[in-house]
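Same chain, two partners: chain A is paired with chain B first, then with chain C.
Let's turn to the complex of A and B:
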């Protein structure tokens, strides 16, 4: 349903050395640096998918979202979503999508939330009955009941973000673009937002594309991730695929009866060691977990063992390193 | 489509009518400047050697109308929210809406000016109507003139919004609201006859002023009111205003679409 093919976008960024001399000089002659925000990005997304779009700052995530939502015109490449080319048929296309930019606001600052919602109802021309139904559902699931009549400027960030998400769904779009929807939110709000995204995806089959820096968002939500760095697509696959490719390390924490003899486990490295406890990192490609534990139990009298998989956060850092992005 | 514009219009009017303190302060300022202008003109007229083409009473009425309807005629009247949308990149959201951005912004700007004028014009008009002569605002000779005045004032308002849309569009290029406003406001204000009424300008300057759209927004309606222009002149002027309005809106839409095609959404 979403086809992106060979999208490229270059921005010209005015550059200027610091200082008054260069400021004056730039009045007459400007120098620009071309920044390739996107280079030949291609992917397909099926209806009903939740796709996590990740990459370091400045990788081109937001640019891709903007191209897909019809805001930016790419230099090259094609993009077809629900049969539309977003930037060519913007007005007809955008009825089908909802967009949340976590760092921006679409609500009118000085008026109660409900006023902004009603304005959106009129802009999208949503029939009153349908609007009421959607609104009731959104107010319930996002817990907005008590803040609907509060001016936006008096809302907390978490409350505002929930309202922003609701605002993007008033016209029941079938595709939802979320650009950092959990930025700056506390744990409770984050979980509420994630839960909600999961729910509309399941219940209404809304396709969700989200960018985030919070890997917990990805783990909780995305079936599939796209990794972008320096404007190119580096990985396209499942989260578990990512784990098996990059997250082959396990951490074993072992408690045992006092033992002063240093431990030695083939194929594993010792992260920390005390006479009662050792933390060991094992690469499962070199040595099996069971072998490591067998070796461990032959050397000490084990009391307790925990095995942790590598946090996804670390895997991403490792990937960024590997791809040098 | 119309429903969306109306909705924006309504919301903005509601919002604008909240700012009562600002309106009070505005009224006081407008009285102050009104009296200043009136006194300057009095001094000019007292020492004039030739007979000026406009009577003092007409000039004073002109001045009070200008002060009362300031929100209808001033080019520097700014909507910081719209500027913010462009320079901060929040325009991203506007662009995800299934409506024509020109129309939405036009409705918003129109509502801002209307709500501001609604709060301010009545107190100023009421008080200046009962001021002692020669400071008084003199009513038009007949009802038809008044009706014509209302008509040309409103079309003038539509024109000024169309002109100010060009200021907002220019910000896409300059990224500097105050620069764009300065440029338009300084020339526009003079060319609208807001510093001195057009009939009092030297002949060669009147030719320039008449070739441009600005004077249709202020000088023309006020002179219809004072009776300086005849009813037939008013009707011809109304047609000219309508033609300018269509041209300005068309130009604005073309430039807006161009600007949006190459927009760079600021700030990530």
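Let's turn to the complex of A and C:
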């Protein structure tokens, strides 16, 4: 349903040295550097998928979202979504999508939330009956009942984000683009937002594409991730695939009867050690977990052992390092 | 069009959240044309006439321009402050909505306080129209209405053009004010008091003469301008919006958005 093929986009950025002299000079003569925001990006997304789009700041995530939502025209490549080319048939295309920019509001600042919703209904030409139905559902699931008559400027960030998401769904789009939907939210709001995204995906089959820096979002939501760095697509696959490829390290925490002799386990590194407890990092590509534990139990009298997989955050950091992005 | 009014209602409601400031602004806005107009009055007090134009004739010319301009500033303000939408990247938001960008930009901002200015100018217009030595015919009334309407269209066109420039420069250009504010100042007076090239510029490049000077000649029955076609000249001014919209469309395609 979403086909992106060989999208490239280059921005010309004016180069300017600091200082007044150069500022004046740049008025008359400017040098530009070409920044390749996207280089030959291609992927396919099926209806009903939740795709996490990740990468460090400035990698090209937002640019891709903007191309897919018809805001930017790419230099090369094609993009077909629901049979439309977003930037060519903008008005007809955007009826089918909802977009939430986490850092930018789509609500009118000084009026109650409900007024904004009603204007959006007019903008999208949603029939009254359908609007009522959708609104009731959204108010219920996002728990907006008590804040509908509050002016937007008086809402907390968490409340506002819930309203933003509701606002982008009033016209029942089949594709939802979320650009950092959980940025700056507290734990409770984050979980509420994630829960809701999961729900509309399951109930209404809405395809969701979200960018985020919070790997917990990805783990809670996305079946599939796209990793982008320096404008190129580096990884396209499942979260578990990512784990088996990059997250091969395990952390073993062992408690044992007092033992003053330092431990020695082949192929593993000791992260911390006390006479009662040791934390050991094992690369499972080199040593099997069972071998490490056998070796441990031969040296100390074990009381308790826990094995932790590497947090996804760490895996991502490792990937960023590996790809030098 | 319906949507435009919905936008207007919404922003009016926002504005009413700050009632005190709104009323004060409206009042202050009255003062600006009042002071300028007083200037015109005192000038005529001193010199009697301006190249054969009497006070009321110039006042009519002045009022038509002021009404058109304040109307435009009130209802097409979105284009006037458009560069801020580009700088902040909020234009993105308009692009993901299934409506024409022109309606949405128009609807993004209203300057309701300008109504004060509008009312005062309209008052001057009616007063001057009743005082001039001209026999009013229905066609002359039509001409007067067309002058205002078409003036609004031309000013809107210039606003759109100026706004479109910010697609390339990001920051709006103050240069555009030469044509909006500057144009307004110039055409407040009958164009024949200026140098020839000024007259030509405001006839053939920006057709202000068609909406102001030339039909005014007809209304006043001056300089042999008695052909009824003069009354319909303001319609030509309306055509000016077409190239402006074209440049706007090209600009939208050129839009680069901001980071993040």
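We adopt the following convention: the second predicted complex is superposed on the first by the 325 of 325 C-alpha atoms of A that agree within 3 Å, B and C clash if a C-alpha of one lies under 4 Å from a C-alpha of the other, contacts with A are read in each partner's own complex, and residues count from 1 in each chain.
Convention: a contact is a pair of C-beta atoms (placed from the backbone, for glycine too) under 8 Å apart; a residue touches a chain by one contact, two chains touch by 3 or more.
What you see is a predicted model, and the numbers here were worked out from it, not measured in a lab.
S.K.: Mind checking chain B and chain C on superposed chain A, clash or fit?
M.R.: clash
S.K.: For A:95, decide between first (touching chain B), second (touching chain C), both and neither.
M.R.: both
S.K.: Looking at A:151 after the superposition, I want to know if it touches chain B, chain C, both of them or none. Which is it: first, second, both, neither?
M.R.: After superposition on chain A, A:151 lies in contact with chain C alone.
S.K.: In the overlaid three-chain picture, which partner chain does A:124 touch, first (chain B) or second (chain C), both, or neither?
M.R.: Both partners, chain B and chain C.
S.K.: With both complexes overlaid on chain A, does A:206 touch chain B (first), chain C (second), both or neither?
M.R.: It touches nothing on chain B or chain C.
S.K.: Contacts for A:222 in the overlay, against chain B (first) and chain C (second): which applies, first, second, both or neither?
M.R.: neither
S.K.: Would you mind listing the overlap between the chain B footprint and the chain C footprint on chain A?
M.R.: Residues common to the chain A contacts of chain C and of chain B are 11, 58, 62, 66, 69-73, 90-92, 94-95, 97, 99, 101, 103-104, 106, 108-111, 115, 119, 122-125, listed in rising order.
S.K.: What part of chain C is in contact with chain A in the complex they form?
M.R.: 2-3, 6-7, 10-11, 13-14, 17-18, 89-90, 92-93, 95-100, 253, 255-257, 259-260
S.K.: Under the touch definition given earlier, write down the residues of chain A that touch chain C in their complex.
M.R.: 11, 58, 62, 66, 69-73, 87, 90-92, 94-95, 97, 99, 101, 103-104, 106, 108-111, 115-116, 119, 122-125, 151
S.K.: Would you mind writing out the residues of chain A in touch with chain B in their complex?
M.R.: Result: residues 11, 58, 62, 66, 69-73, 90-92, 94-95, 97, 99, 101, 103-106, 108-111, 115, 118-119, 122-125 of chain A touch chain B.
S.K.: Which of the residues in chain B end up touching chain A in this complex?
M.R.: Against chain A, the touching part of chain B is residues 3-4, 6-8, 11, 14-15, 18, 81, 88-90, 92-93, 95-100, 104, 261-265, 267-268.
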